[in-house]
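Questions regarding the structure given below will be posed in turn.
Letters are used for the chains, namely A, B, C, D, E and F, taken in the order the chains are written, and counting of residues starts over at 1 for each.
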């Protein structure tokens, strides 16, 4: 007797995720095949208002597909130099901050234990804290930090110690970041209190305001950043609100008078040769975006950072071989 | 001597397509595993202005992921009843109309030769013509046609015989469609000439204008459509401008006074039991859309049509077994 | 035997390419060649906030070019039955309300003295007052008035007697309108005071709220309107906020729960046979519009009203000849 | 010697909140002066994606100022019948779900202990649960529930028991709601599983799908709802996605084929005479809104519910006096 | 016998205005408590088309709440140095230009008679004329004027002498402004006639075009402006179209090739130490804005100007004491 | 002695009201009356995705009416120096690439045979190829080419030889362009392959990347461009994506880090004195535009190019007379 024919298991919805990857990279779940991983952290659990950067990993991935594989200043593609894969999104708990922080740290620790360097699409700026807990678990790192704000508050406006305004204060306190090897670029705008900037400078961070930037010139900023970072491992954290809202409108806390995209790219490219071990682009908020422009900016900056980390990895490998 | 380590082949960009499928269905390229195929035709080569429905297959697929697997009136999911897969987009030549028409027909003929029924996301309404050449290659079909316009012009305003205004005239002339088994629902608005409507009625098509629809009531329209279509094979072609622009703003030729989405869904559901062999949703233009609403409407209507074709296929299979 | 007088060749739509006139009608400045004139009144001098309907004549004209020359229910085009031209915009003084009111009245009086019937794209609802001063200079007219509001306030919220909230009170006071031959359709929503509605009913106006409309049905509303208007001359004034904001978002005072575009068109079509001497569509605000949909609605309704006035003119002419 | 003159304390920023209240109602913090309180709950802590209804209390309040004080069907204003004030927003903890649920319940319990009936602007649908914990702390209430979804899931898709998909399951389990006195209106669309609807019907809830609604007619729905609710206290919970996205685009989970705003208002008005003790409008997401239309819809519906609760309160008072 | 209890007077709608103030400043109506007043002038009665800057005072106030109380270059907040309050909007007559000009002048004269310096959110540029009539009633002032246009036309294109294109010509003619102490920054773009620029230069105004600006450099522009203004009292008038439409899209007359927001802020900050007695930001048009960015720019520039005037006031006070 | 020839009265802007021509120029069809023609080419037949520049001629014309007749650096209007008319759009066949290429070439050849210099609003960049076939039919021209991309690919990504990525390769192969007299300004961003840039440089084109531009400075770029172009005839081709998407969002292939509008205008103005024989602005896509800003940019750049060509024509005429 014939049975009712049904769809084979492999054809059922959900059997294959089918989401767009970053620059059409392969989805990879076996971390030992990778040098560098693209990771999404769809979480804005450090943000009271306006919310929405949790949606950025998807839109940044979509817009990354407007990019082509060759960087304008490289003769070869980064994908020919290193094994790069898109490992998808960290599974967070949208209803529980503590669990989410733990889950993010665990995910990146797993990557780190395989020697994989992460390039992250946030999420809000609090995601950088658990990433640093993994990346800097053996020794504090330096940070090249692009932002309109220093994110070194003692607490958010409601007293919370873990918010998008506090990650670098916590990171210094936890010994994840060497404050003397931190440079903050793009600072500007009004502040609630001067305490957070004063603290940052007191512990040794170098703050490059927009006024400083135009006084130093781009080459001067690059020179300063390279001196501050030096030869030891460093991380790049790019808050999209470092860029002017004319160029990157899709963010929750726009501040006028910021970086252009050209300036951002030029400074990033000037970091070539540093020992970069990972980076992130955070605070893109698709709901406030226009024509997905900010997601395109985010994807373009991730590609710049990726090229820097690929280059560093390539040098590390050559050094090891020659040793 | 150690060689430079490069990324394994499988990790190179492009090795895995990674685009979103319809309702997270599996991407399938082996047609013999399928009963029903979701197809995209990213082509608006029958449209002079305003252009853009070529972008709809992508946005409809994205918005389809807002849908869940159970239809509200069914107790089981269509994906449990038939083998349904997303076979991707037809590869067309955006610079050559004739080649594109041939390519579309060839793709659907291949599906037809495997007994696979197509549910299509257009594209403009001209894509229905090469689809019908494949679907109706053995015998003319009936058509349930939702639209503000009859699309039975002799030629476009510039004299072209193959445009989005002419597919059903060509289809009748080519013997693909039995005009006495055609019902057009949603017709309204000003016209350049009465000739095209007169021709349609002269060859036997039934035209249900919006005034007719409100006179008959939804049940009356359903009854009329079922009588006209009868027991023989039929196709559903849904031009999104059949729906009012308040409900489906993203289209190039909006006409006020149209169907609501509820009315559209109710009429479609009323076609249950007919011998439906395929269908399409065409003329969604993402550039004119608001909040991707029209792509959501398009995906929702494709799911309605899919359920109808699944149901028909299920009955065909049972009939065969009992025979 | 006298032949039916038709529009001279030079006045047919399409005779002049590339202009931004209503439905590509010829620009006409010699009024004695015309039966019916399309007029723009780019003035919102009766509006405190939110402002912007002064921009509607341009956008309505642009969107009117999406319409075709044949009305769906007519076998011939209105442009074949009467001489219709676009006479451009009334030149108003944006900085002086009194001068503008005078200029509008003067323009329409000139039209009236040539026996030309006006179809107007406003502007806010105050423009209807000076139009009525010209149209009804010999005898009061009836009015079919579509609106969410009765516009019969004694004064605006700041005490001004000439605002978009007062035109029909002034018109009755000035003897331009016979309140017993006024029907107001689409009334709904909250009010500042009941006085203005009470006054309207006290002087004899018939108010058809949305609740009334669904109780009567569209045919009932049409029947009531025809009875109220009777055989004497009447004017159609359509405030776009009579329509629901889902269908006509571009207006300054949206009120939910309104007419659909279909209902609006059906009721207008039901006025066929009345002695209509002109009409207007007012309160379209392009700045609040989405995809120019409301301008398309405005143009479509102007075309409906035009067909009604053409039809009335045609009958008047035939009556005269047979007399 | 003169001291440096500084600004007096009263002039410092923040000394006066200055935010817009609902319909320009007074800000009130002394609950014993009130019969009815307008409350904002700027929290979407039950939502994984897409997020944003936490921003709705502000936009609904802004758009409420487009409304006027007289309801179209009442001869007097609700504000003349009861003491109504805007008590501002509940202070929640955006980073902690459990604390937020507790804070919301505490706030409403305080209102309840003063005999104040709440009308709430959410927030996502999870906010209804802690509100019901306060409102129904003495006895279970009936609920008139407008929604596209039944919100009676056992858990969200990630297993969480407290999400915007579960409030009415929890409320029944906690004895806050009498399921036999629940009517759900506007249900439609695809579902992940039938279990949640089956559970709802099994415990006695009445589900009125859109198909049911058009079968019953609006008067039939009203009659059914009145019978189900009966004479005992009841609450109105209005998820904005019960309304069609053409009429209310600003929500995170749009489902086509929904209620019009007119239908929603008519059904609400039909509840007059029931013993209503509070209500809410939830799931408005300003980021997805167009022209703030959905916030206007939300404000308009809150005003409808307010009028119902005012009316019930007025009757309760009269009953007490006559007793 | 118990009377029907009604809401106490204090609870009636409208009893408390409840609109958002600038940077959460206190609403102040007693002018003698103030050093500096924030004023809104919701009037665009000098604009024929495109209209809408009358809506800017509200949106600028809303977006000002994104700013924090400390200026990045100051160690203390301006609100600690002077008594600053938001005195609300000038009550104008939207239907009468002459009355509105009188009302604005009267309001500012009242402020001036109390020694209060105004910082204004316009409105179009014509509002600057009546403000100057009050501010400069004893002696002509200098003006630092940011704009794409010189606004020194003899008349608008329709012959009107009081429009947004003429305020500085009128102000010179009326002896309110010393043309030799005027610097215009940001001029560019096509012109109807050279007469207005020639006149400006002939009476002694210094025009800094965008080409001049890049030739001089920002420091050169600042130096030039300081020399031109000198030690006597001066006013800052900032037409938002001085800024490039990429940075400030929300204005009626965008001209490409303009100032960045950074350049604008830097030049303003360079004016520190001048004897500034007031300022305005005009021509923001919210209807054309994207994401309220232009309102944020407007609020940010008002804060810059406020800090300059606070600083000047602080010096005046100290001088007086030391005298 | 011969007088300077000026435009006949009938050709001056404003002579014909209410048309939608470029800067209100007269519509001209008799080419022998003209020195310079504004032409629209509503065709994007070289574009696979995203499509839409075919709609730009209309929107650029509309926005051109925001411009005034005097260029800021000229003391007279270009329309006083030459006979300039708007000759409308080339009639293309949207369904046939080969026919369209032929039609465009034929139209421009007709212009060329009358000695009329064309200023074009595209369309995509493929339209430049048939224009060059006409303009350079006697001898190859130099090209000042603004673009993010070099457009010198051998073929599009699908193998097509005639796409918007190939026009300058084809033009060099066909001997229309002297590659040693080509300068490409604004190049940047990722590429699919380096082959197309290498080819361009190998045949002698000068590529000025954004990095080069900031190294050279604007004056350096102008100097370089003038040297490369020299004294022989040259053409200006401006792809709008040469400009940064913050300044010109409405294009299908945005690349961050591009030219500002000021830089674009300054470089164009620096070309004064070259023997320019025509120019175009291409790749404006109105569907992706915000506030029509990109169409305004396009119109403004066309006016800059027009002034250059008018100036060159004026010199040619004077040279001829003095000869």
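Here is the rule we go by: a residue touches a chain if its C-beta (ideal position, glycine included) is under 8 Å from a C-beta of that chain, and two chains touch if they have at least 3 such contacts.
Everything numeric here is computed off the predicted structure, so don't read it as measured data.
Trainee: Would you mind checking which chain's C-alpha centre is most distant from the centre of chain C?
Mentor: Comparing chain centres, A lies farthest from chain C.
Trainee: What's the farthest chain from chain D if centres are computed as the mean of the Cα atoms?
Mentor: Farthest by centroid: F.
Trainee: What's the distance between the Cα centroids of chain A and chain D, rounded to whole Å?
Mentor: Spacing between the chain centres: roughly 39 Å.
Trainee: With chain centres taken as the means of their Cα atoms, state the distance from chain C to chain F in Å.
Mentor: 45
Trainee: Between chain D and chain F, what's the gap in Å when you average each chain's C-alpha atoms?
Mentor: Between these chains, centre-to-centre, one finds 58 Å.
Trainee: Which residues does chain F have that touch at least 2 chains other than itself?
Mentor: Residues 244, 246, 288, 290.
Trainee: For the complex, which residues does chain A have touching chain D?
Mentor: 42, 44-52, 54-55, 93-97, 158, 160, 162-163, 287-288
Trainee: Quick check: in the complex, which residue numbers of chain F touch chain A?
Mentor: For this pair, the touching residues of chain F are 187-194, 209-211, 214, 244-246, 249, 253-254, 256-258, 288, 290.
Trainee: Inside the complex, what are the residues of chain F that reach chain E?
Mentor: Where chain F meets chain E, its residues are 66-72, 75, 244, 246-247, 260-262, 265-266, 290-291, 293, 296-297, 300, 303.
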